[in-house]
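Questions regarding the structure given below will be posed in turn.
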Amino acid sequence: MNLAFILNNAPLLMEGAAMTVALAIGALLGATLGGGVVAFLRMSRHAPLRYVATGFVEIMRNTPILVQIFVLYFGLPTLGVHMSAFTSAVLAMSLQNSAYIGEIYRAGLVSIHPRQREAALALGMMPGMALRVILLPQALRRVLPPLGNQLIIIIKDTSVASTIAVAELTQASKLLLDRSAAPYETFLTVALIYLAISAGVAGVLKLAEWRYPVRAS
Amino acid sequence: MSDLTSPATSEPLVVIDRVGKSFGAVDVLKEVSLTVAAGDVLSLIGPSGSGKTTLLRCVNYLETYERGLITIAGETVGIEPLPDGRRRRKSDRQIAALRAQVGMVFQHYNLFPHLDVLENLTVAPCRVHGEAPGPVRERALALLEQVGLADKRHRYPSELSGGQQQRVAIARALTMQPRLLLLDEVTSALDPELVGEVLDVITSLAADGITMMIVTHEMAFAREVSTSVAFMADGRLIESGAPEAIFEAPDHERLRSFMQRYRAGNQL
Amino acid sequence: MTTAMLMSSGMYLAQGALVTIGLSLGIIAVATVAGMLLALLRLYSWKPLGLLAAAYGLVARGVPLLVLLIGSYFSLPYLGLDLPLWLVVVLVGGLYFGAYVAEVFRAALAAVPRTQWDAGRALGMRRVQLFTIVILPQARRLSLPPYLNVALVAVKNTSLVSAIGGWELVAAGREIGERTMEILPAYLAVAAFYFVICFSISQIGRHVEKKMRYV
């Protein structure tokens, strides 16, 4: 084992890990909001809005994130739209995960029995308040586990940003692999860092699920 | 004599005037007319599918109705009749304001599972009326005391029995201090041994003078607790009157055979 | 662009798509075998083996496939293993998705009611018989929609092969983009090819799910 090599390059790896986390947070924020829009449109009263949202979801789900990133980063400049590699990666991941997270939200909302809404209305709540105070809090608890799974997928997907040379963890490992004769060490270390990030996220989620349990009605 | 307690000369609290409703091509309510005075306890009885639930849901506008008019304390429910004869749906705000004055208890309790018992009671008064939490809490605790569940105030609905959940649901409706309480087959989903505790609570509310409209299949209870009874069949109001008259001297053949079937069923 | 160029570009992409489909089929085949094995280990084997299988699942599902591909691509030659790239992809991809397939099978097997085991035992079936005749067919039905979903993700992830120097649909698209200078249309065409493949899989999944609802 060539530990010295890893230790010498620890700063590079740590910077890469920080960039990975930044990409994931950016994509998560974008997709949390975008997912709300998708869910809202998918449940809209107006059929055209529903169709647009469904089309968006299908396209996002059935094409690879790598190709989506390439379209934004290599394709759009031919139309005069220029974005940094980081922005392209975050935007592409936000868009794709908006589709997934939108479906998660929607499933969470429809899983709540219509009687809950009725009970809230019967108490004199306006529809908006019933949604905010009664329906969303229950739905959020139910979407916590699938949302957590999606976040772990997002973290892993950030590795694709290395294909457009964003200096994240996978990119850092490629640099080290090119530079050295210590492939296993590099490979193991990078895998462990990804595992640690995923495990950390999973732990936080378990905590949140324990704090906000789904209760039967 | 105090004017506050003598509504005898004034308008009834609830006036249901020739109300009709259809689900698609099916008329489920046909020209139903009824009045309920303040302090009355009206029981709605009749075979399953006769429109009792639908009528009750129209009273707080959980269902809309196409013909006739319902008024509560002089205010029309859900619908504004225009001078030219057309009908306009009231605003969400107006409808919510009316519902805030009408409590409803459902067959399946419909408690909010993510809130504990006390929060189930306080959420609407605090959010809808914007009342201060302190007094609402006190009122809620008093009501929990009345339904015998003060010790369960920090439990969640899923930790309670069906009978306990239904008593919480009644207390939740009352915490809003409604002028009228609607109860739709509130014991039908309960195990037989839990029915009594819920009926006892309702009986005590009747004694307190709370105005109620009750859909029920518990005939002995209806007879004991009601000031008047209405019998529905096929979306029509067939007969209504004092409990003694309805149960002992029914005029209509439909009601007689309904009673006969009920008694036969009960003796088996 | 002339019609002839369009035609030849389309053909070129179609060749890339065939490679993508071939890699996907290989990955899914390996993943199915590995996934079934892992699921059986977790559910019915000696406890320590089950824990090992669970640990494998956690690791495989916590590390990006791209890292695993790059890692093995660089490391294997050092081990004296000089495998062709496509074989590395099929093996690594298959083992990676095997962890996901294992979850799918495990959930489906666990979802078959305990009473089915009791019923089989009451009929005097032996364990293996009972498993293959009674439990497995029921689990297979339950697992088909999520299994197809894993397959769909696997197809999309073959695009990573282009990032380690392999030739498939994305690489074909890149070449066409560079040759014709029509970069955006080239990548959009690549996306369209993926869409056709993946949407077909989604539709099969939906069809199966709908049919299942009525049984």
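A, B and C label the chains in the order they appear, each numbered from 1.
Methods note: contacts are C-beta pairs under 8 Å (C-beta built on N, C-alpha and C of every residue); 3 or more make two chains touch, one makes a residue touch a chain.
Remember, predicted model here, so these are calculated numbers, not experimental data.
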item: Shortest walk length in steps over touching chains, subunit B through to subunit C; value: 2
item: Closest chain to the centre of mass proxy, which here is the mean CA position; value: A
item: Chain located farthest away, centre of subunit B as origin (C-alpha); value: C
item: Top chain pair, ranked by how many C-beta pairs fall in contact; value: A-C
item: Chain centre separation in whole Å, for subunit C relative to subunit B (CA means); value: 57
item: Separation of mean Cα positions, subunit C and subunit A [Å, integer]; value: 21
item: Centre distance in Å when subunit A and subunit B are each reduced to the mean of their C-alpha atoms; value: 47
item: Subunit B, residues touching no fewer than two other chains; value: none
item: Subunit A-touching residues of subunit B, taken from the complex the two chains share; value: 60, 62, 92-93, 96-104, 106, 108, 110-114, 123-124, 127-129, 156-158, 172-173, 176
item: Interfacial residue positions of subunit C with respect to subunit A in the complex; value: 58-59, 61-68, 70-71, 74-75, 78, 152, 156-157, 159-160, 162-163, 170, 173-174, 177, 182-184, 187-188, 190-191, 194-195, 198-199, 202
item: In the complex with subunit C, residue positions of subunit A that touch it; value: 58-59, 61-68, 70-71, 74-76, 78-79, 152, 156-160, 162-163, 170, 173-174, 177, 183-184, 186-187, 190-191, 194-195, 198-199
item: Residues of subunit A touching subunit B in the complex; value: 115-116, 118-127, 129, 133-134, 137-138, 141, 215-217
